[in-house]
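Below: one structure, written as structure tokens.
Order of writing sets the labels: A, B and C. Residues in every chain begin at 1.
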Amino acid sequence: MVQVATALLRASLTLAMQYRSDFLIDMLTGVLRTLAAVAPIALVFSQRETILGWTAPEVTLVAGLYFLMQAALAGLVEPNLGEIVEAVRSGSLDFVLLKPADAQVLVSMRRVDPAHLWDLLAAVLLLGWSISAMEPPSLADVGAAAVLLCSGLAAMYGIWLLAICTSFYFVRVDNLRFLLWSITDAGRWPLQVFARWIQLVLVVVIPVAVITTFPALALRGTWSPSLLATGVAVGIAFLVGSRWAWRASLAFYTSASS
Amino acid sequence: MTAIARALPDLFRVGFAGIVAYRAEMTIWILTATLPLIMLALWNAVAAEGPVAGFDQVEIARYFAATLLVRQLTSVWLVWEMNYEIRSGRLSQKLLKPMHPLIQYAVEMIVSVPFRSVILTPLLAALLLWRPELWKTPAPTAVALFVVSLALAWSINFLVQAVFASFSFWVDKTDGLFGVWFAAWSLLSGYIAPLDTFPDWARQILVLLPFHGMLGLPVEILGSFIAPGDALPQVGLQVFWVVVLATVLAVLWRAGIRRYGAFGA
Amino acid sequence: MIEARALRKVFRVPEKDPGLVGSLRSIVRRRTRDVVAVDGIDLTVAAGERIGFLGPNGAGKTTTLKMLTGLLHPTAGSCQVAGYRPQDRAPDFLRAVTLVMGQKQQLMWDLPATETFLLNRALFDLDRAEWTRTVEELVALLELGPFLNRPVRTLSLGERMRCELAAALLHRPRVLFLDEPTIGLDVEIQATVRRFVRAWNEKHGATVVLTSHDMNDVTALADRIVIIDLGVLRFDGSINELQLRFGTGRRIVVRGDGQALAGLEFTPDGSGGWQRTVLASAVNPVLQEVLRRLPSADVTVADPPLEEVLTRAFGEARQQRSAG
């Protein structure tokens, strides 16, 4: 498994470095995207000390978690799930299905987009700064945050997989993924900023808050067991639900194609 | 020139038919521009305790509602379309026609404006029904200036994207380069925060850059955040940027066409 | 109508060593390789001529066509088409030529072909009455009637190709460049396309430059054949001259009892008969022997298929190239 992963990573890196100008541009884009994410925080906090009780480091923490999620989703999950749409359209998914390994795993791991390594770097920097500028979290806080982070990642993977499954049925709307991205953009900011009904959507329907706000709440020390339970429940629900949807879509695909 | 004028009605008609054929995808694209709404929520929360840089809650909401509108009406997807056509060789089909490819592209992009207006109208109507105090009738001069400024903003956006797309004649991954520009634009044009929230020294520089003319200025005129008299010199700056960008584009295009490999077609 | 002198096109292609180390190295130092696609061509085509432009894959046919239509700038040499320099892309030049590429289409995918016709009318600034007449003529000749108002993506390849041809000729160009126009089409449609091109050329006097891999295209349409390989012209003349130069034998086909032909080196020809290619000088003796053994057999003597002749022409060219 590790060998497969290393080989895949090497192949993807080679592909990505094929054009040196691309490599440099990706780096520059990464830096600028980070600046563009941090600048509004600076602007907001030049006007206020706190926003709805959140301090600047705490808001930056949320932003850092967003970058982490973006690195994982855009760097690992999306390159592969995005290809499924094309594979469905062109019929090349059949080749994947013929392989002995689990199709979902193969499909999820095939490609890595190293351009988003910069997102990972940004995430580490932002998380590092914000945690150091906050009150140190307790061990329980860190534990809760870790659990919520994992749940959040699982939930986001799940919603992405669900979105991809729709392409088995409606091949033309692959730009639904972009709609998903633009809604997850709300995850850069603490959940409290939004109206109640939007907060609900961002936890239960498109669970970006579970991976950005929830762990931040934990590290901030303002979490509760019910929050933890909600996060875990959402994570499990999406993981299970998406797996089921994947199998159903696959069954639909194989029975529909000739 | 007159040949182009004669051709336009038919070009628009066919172009619009093409957009209608893609209405599902287009509608989703329009819906992806949620950022102004997210920013509205954010800045609204900031303004809860008191005005921010001179904007109270109603005004900040009006600002971002106007941003939503202007963003949609000035939006083009030229950089992806042209990049794709250069790399796939489909540009050859446009090159074989006796009308400059950039004009063909311009028509393709402009015809989306009526479509976007149709989709946006119910959205904005709903917004105004929910919060009628958002509306502030602009002065007639402001309306006229807004239309001019909007057209110029569209043009700057078009030209910028054309410049970036023409890098495809030399470099492979122009999406990345444009991503850099777009990140800068979202920050410096007034898209994610009104320029008034920036420190004074920064604001004075930013007004001079093309970004402001691509979004911020028409928004400020429409929302009555700037008097028409004060806005006029800035509209002149928009014209300046259009001229500069058009010149740069002309040079790039001529050099790029010589390098065009027509691969794939 | 078409004049090319020492036309040359060189492409610069990036090159790197395989593997991860090679990729890293290529970021620091970029290496390129020059690929000569067209290596000095001289060509003259008179108005109204129909020429077949042949060569193996990668020979430089399409590159030459793209230079003649102004899509590519030549690296060296010059060309003139209809009195214009193609790379200037003067509007009147573009109105005088058309390029039809077999697999790459100008038709808008989600709209009916009529919309593309309308678009082209606008783009070429065609007089409405004349355009209507041209459309009617094309619809009749290419039998487009039944599917003209359906979205192009719902059409079969043959229907699409015919609409594509129509769209390309709306402006009545004086020169037609056709790049593999019948590729992938079924036999009936291929015949329709060939008939159409011939009819159009005879009626309107348009010059036709056709590239193809299909011998039937060539025999049906080309009065003159130009062979290009490895970027250089190898042959320029009529089909007969081609046969004379590269065809070194004649093909005897016998329909009859194969057993009787034992020992005469005949092989099955795939359609129930027996064939053998012999040198022209040896035709008579072999023929006599065959008729002696099978007096009532059905025997034909023909030139070898064009395919064979061309393969020999290409092969000889490559041999010369590696020798010289």
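Descriptive notes on the structure:
FYI, a contact is a pair of C-beta atoms (placed from the backbone, for glycine too) under 8 Å apart; a residue touches a chain by one contact, two chains touch by 3 or more.
Being a predicted model, the structure only gives us computed values, none of them experimental.
By number of C-beta pairs in contact, chains A-B lead all other pairings. Once CA atoms are averaged chain by chain and compared with the all-protein CA average, the nearest chain turns out to be B. Distance between chain B and chain C, defined via averaged C-alpha coordinates, is recorded as 45 Å. Separating the CA-averaged centres of chain A and chain B is a span of 29 Å.
Chain C has its Cα centroid 52 Å from the Cα centroid of chain A.
In chain A, the residues touching two or more other chains are 19.
Those residues of chain B that touch chain A in the complex are listed here as 24-25, 28-29, 31-35, 38-39, 41-43, 45-46, 48-49, 52-53, 171-173, 176-177, 179-180, 183-184, 186-187, 192-193, 197-199. Interface residues of chain C, counted against chain B in their complex, comprise 11, 66, 69-73, 89, 91-92, 94-95, 97-99, 101, 104-106, 108, 110-111, 115-116, 118-125, 151.
Those residues of chain B that touch chain C in the shared complex are 3, 6-11, 13-14, 17-18, 21-22, 89-90, 92-93, 95-99, 104, 257-258, 260-262, 264-265. Remark: chain A residues 19, 21-22, 25-26, 28-29, 32-33, 35-36, 39-40, 43-44, 46-48, 51-52, 115, 172-173, 175-176, 178-179, 181-183, 185-186, 189, 192-195, 198 touch chain B in the complex.
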